[in-house]
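Below you'll find a set of structures to go through.
In what comes next, subunit A is part of two complexes: it sits with subunit B in the first one and with subunit C in the second one.
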Partner chain A sequence: MESQIELQYEDVQGKSNAKMVRFIGDLDATNVETVIEKTFNLLNEGFVNIVADFEKLRYVNSTGLGILLHFSKSAKEKGGSFKIANVNENVYEIIEIIGATSLLEIYDELDEAVESLG
Partner chain B sequence: MAKVEIEFTPSKESPEVAILTFSGELDSGSIAQIGRSFDLMLEGNYLFAVADMARVTLISSAALGELMGCRTRLLERGGDLVFAGLGIGIREKLTAMDANKVFKFFSDVRSAMNAYNWEYHDRSEGLELSFPSLLKFVPPVRQFASRIARQKGYGNRDSFRIETIVDEICNNAVEHGVEADGGDIDLNMKIDRKKIEIKVSNTSDPDKIDSLKEISKSLFVPQMLTEESKRGRGLALVKMLSNDFEIEYSDIGTCVHVTKLREE
Partner chain C sequence: MPDGPLHRIRIKFPGDLEYIPAVRKYVSEILIVNRFTPKFAFRTEIIVDEICNNAVTYGCVSGDSSVEIACLIYEDRIEFQVKDAGGLKEDIARLREAVEAEVSAEKKTAGKPSAAGLGLEIVRLLSEEIDMEVDDNNLTSIRVVRRKEDSSKTGAAR
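Moving on to the complex of A and B:
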């Protein structure tokens, strides 16, 4: 039984190479493979700018954070970006403690993250 | 013949607590008897009372008023009166009268005593569970640990940290453990009002113990996180979230001890 995580996708207006992805549930060692597969499908389809909405991401552990760093690196290598918005304070604390705030592009609001795509 | 009987018993585990076992109907005719029981209690310097209502068939508003008065007498001396074992029907009636906002209700005397010992003696409660060394068992275990912390009055942030600590240690135990028969992971949690102690032990693959020792050593050396740092941060996270952290190795396995102080 793996933890429940659901990814919902939405187009970003005026940005044909961008997708907004809502993370809903818990991101942990039991479901990272599924999330890797789905996110890399997006990157490989040409959606190299990903805005991840974490409003409903309840939990993330070190394994989940590891793949977020991996997404960020891979998106950059493809000329894009992986941006995160609406992080709840518990999840933000984990990102902060592990020292990943400077490696991930984190925004308070979804609109800010989308606008930063330029 | 009296419609109510009240038996007075000092608690064996906490001699300062009196168990008052009520039987029958508590109505206006039993008010004097209730009052006398509490007089005796106070004369014996008992300040805390558990009213065992399991054998009570009625509590009238007049009797309830008398019990409220008795509770006030105890509160004035720094004590309390709680109810245990109320039948469903009586409990519903008392709740409709808002008595649940005055008295604490417990399912039985044992639960009331546990709560008393927790509240006034800082006694801890423990949990032990074993589960197969497979990743899929870790999420329900970590969520269970977090719920226990919340149920024991720990705040959202502390409970989340407990969930993270249990998750990371158990994931590590799965990664470095063996799946074969007898390869279960044992979680031991001891919780009191001020801290939670967590112990996770597992049977380790002897070939993996050295790599685990290397990871452990790295926890005590500051490391720069990079975008390539996909693994190996779990125990570092646990160390940073906890107040005391220790790993023991033996020929058959490892045991991680963590103490997390309550912050909220």
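Moving on to the complex of A and C:
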């Protein structure tokens, strides 16, 4: 009965150490373990720059927010980054009210996030 | 016109996180059907999720325990009461601290991907009233009231 979340991956042109990950569905306590495992697999395979596309992420709770902060910290520790783009209004509001907008790298558009990789 | 509830809903589910998505989505759907806005329903879904998560994680220490959520839906507000099966004294103390004290996201997430206090911080910011009661058997009950007219409360506009 766990919430549905699907992660889709795409290469980032010209960036061999980067991946774009589309989050589709709801991110909550029932599926964080799966998302942690998949994301850490990417980081450990050398994709230390991750651009997360949240256009189709409908919902996130405090557990989900906790792991996003964790991904950001872990990517930085590996010399990379975890960037978020296309956040819908409801999800952005939850990130904002806990004061995490300054802790996460959030971009309006996917292109901006990719370009910021340098 | 009497200020009675339009609906009374009582849901009891096993103390397992896997049941919570269905519960929170059900409450959200009921609100949509009763002409609350999608934003109100979304915020309420978060509240239900967070308080049920706390109840399951910290209030269901035995394998066969359950959580009960009672919702009263009025024209202008929704009231919840979530009861768990009883937790450990130290968890209840932490819960009380989280309900009564304000904590920052940075502090609560430092070194930990998730914390009960962060969830309750969200609940407090999205609701008008939150209080808790603990009986002699450590059975914990959290009551939350959320009103329709609170769009300016969080200041979250984008």
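Couple of notes before you dig in:
Here is the rule we go by: the second predicted complex is superposed on the first by the 118 of 118 C-alpha atoms of A that agree within 3 Å, B and C clash if a C-alpha of one lies under 4 Å from a C-alpha of the other, contacts with A are read in each partner's own complex, and residues count from 1 in each chain.
Criterion: a residue touches a chain if its C-beta (ideal position, glycine included) is under 8 Å from a C-beta of that chain, and two chains touch if they have at least 3 such contacts.
Note that this is a predicted model, so its numbers are computed, not measured.
Applying the stated clash criterion after superposition on subunit A shows that subunit B and subunit C collide.
Within the superposed three-chain model, A:92 lies in touch with subunit C and out of touch with subunit B [touch as defined at top]. In the superposition on chain A, A:72 makes contact with subunit B only, while subunit C stays out of contact range. In the superposition on chain A, A:29 makes contact with both subunit B and subunit C. On subunit A, the patch touched by subunit B and the patch touched by subunit C overlap at residues 1-3, 26, 28-30, 59, 61-63, 65-67, 69-70, 89-90, 93-94, 97-100, 103. Touching subunit A in their complex are the following residues of subunit B: 135-136, 138-140, 156-157, 160, 163-164, 167-168, 171, 225-231, 233-234, 236-237, 240-241. The touching residues of subunit A, counted against subunit B in their complex, run 1-3, 26, 28-30, 59, 61-63, 65-67, 69-70, 72-73, 89-90, 93-94, 97-100, 103.
By the touch rule above, subunit A contacts subunit C in their complex via residues 1-3, 26, 28-30, 32, 36, 59, 61-63, 65-67, 69-70, 89-90, 92-94, 96-100, 103. Interface residues of subunit C, counted against subunit A in their complex, comprise 17-22, 39, 42-43, 45-46, 49-50, 53, 104-106, 109, 112-115, 118-119, 121-122, 125-126, 154, 156, 158.
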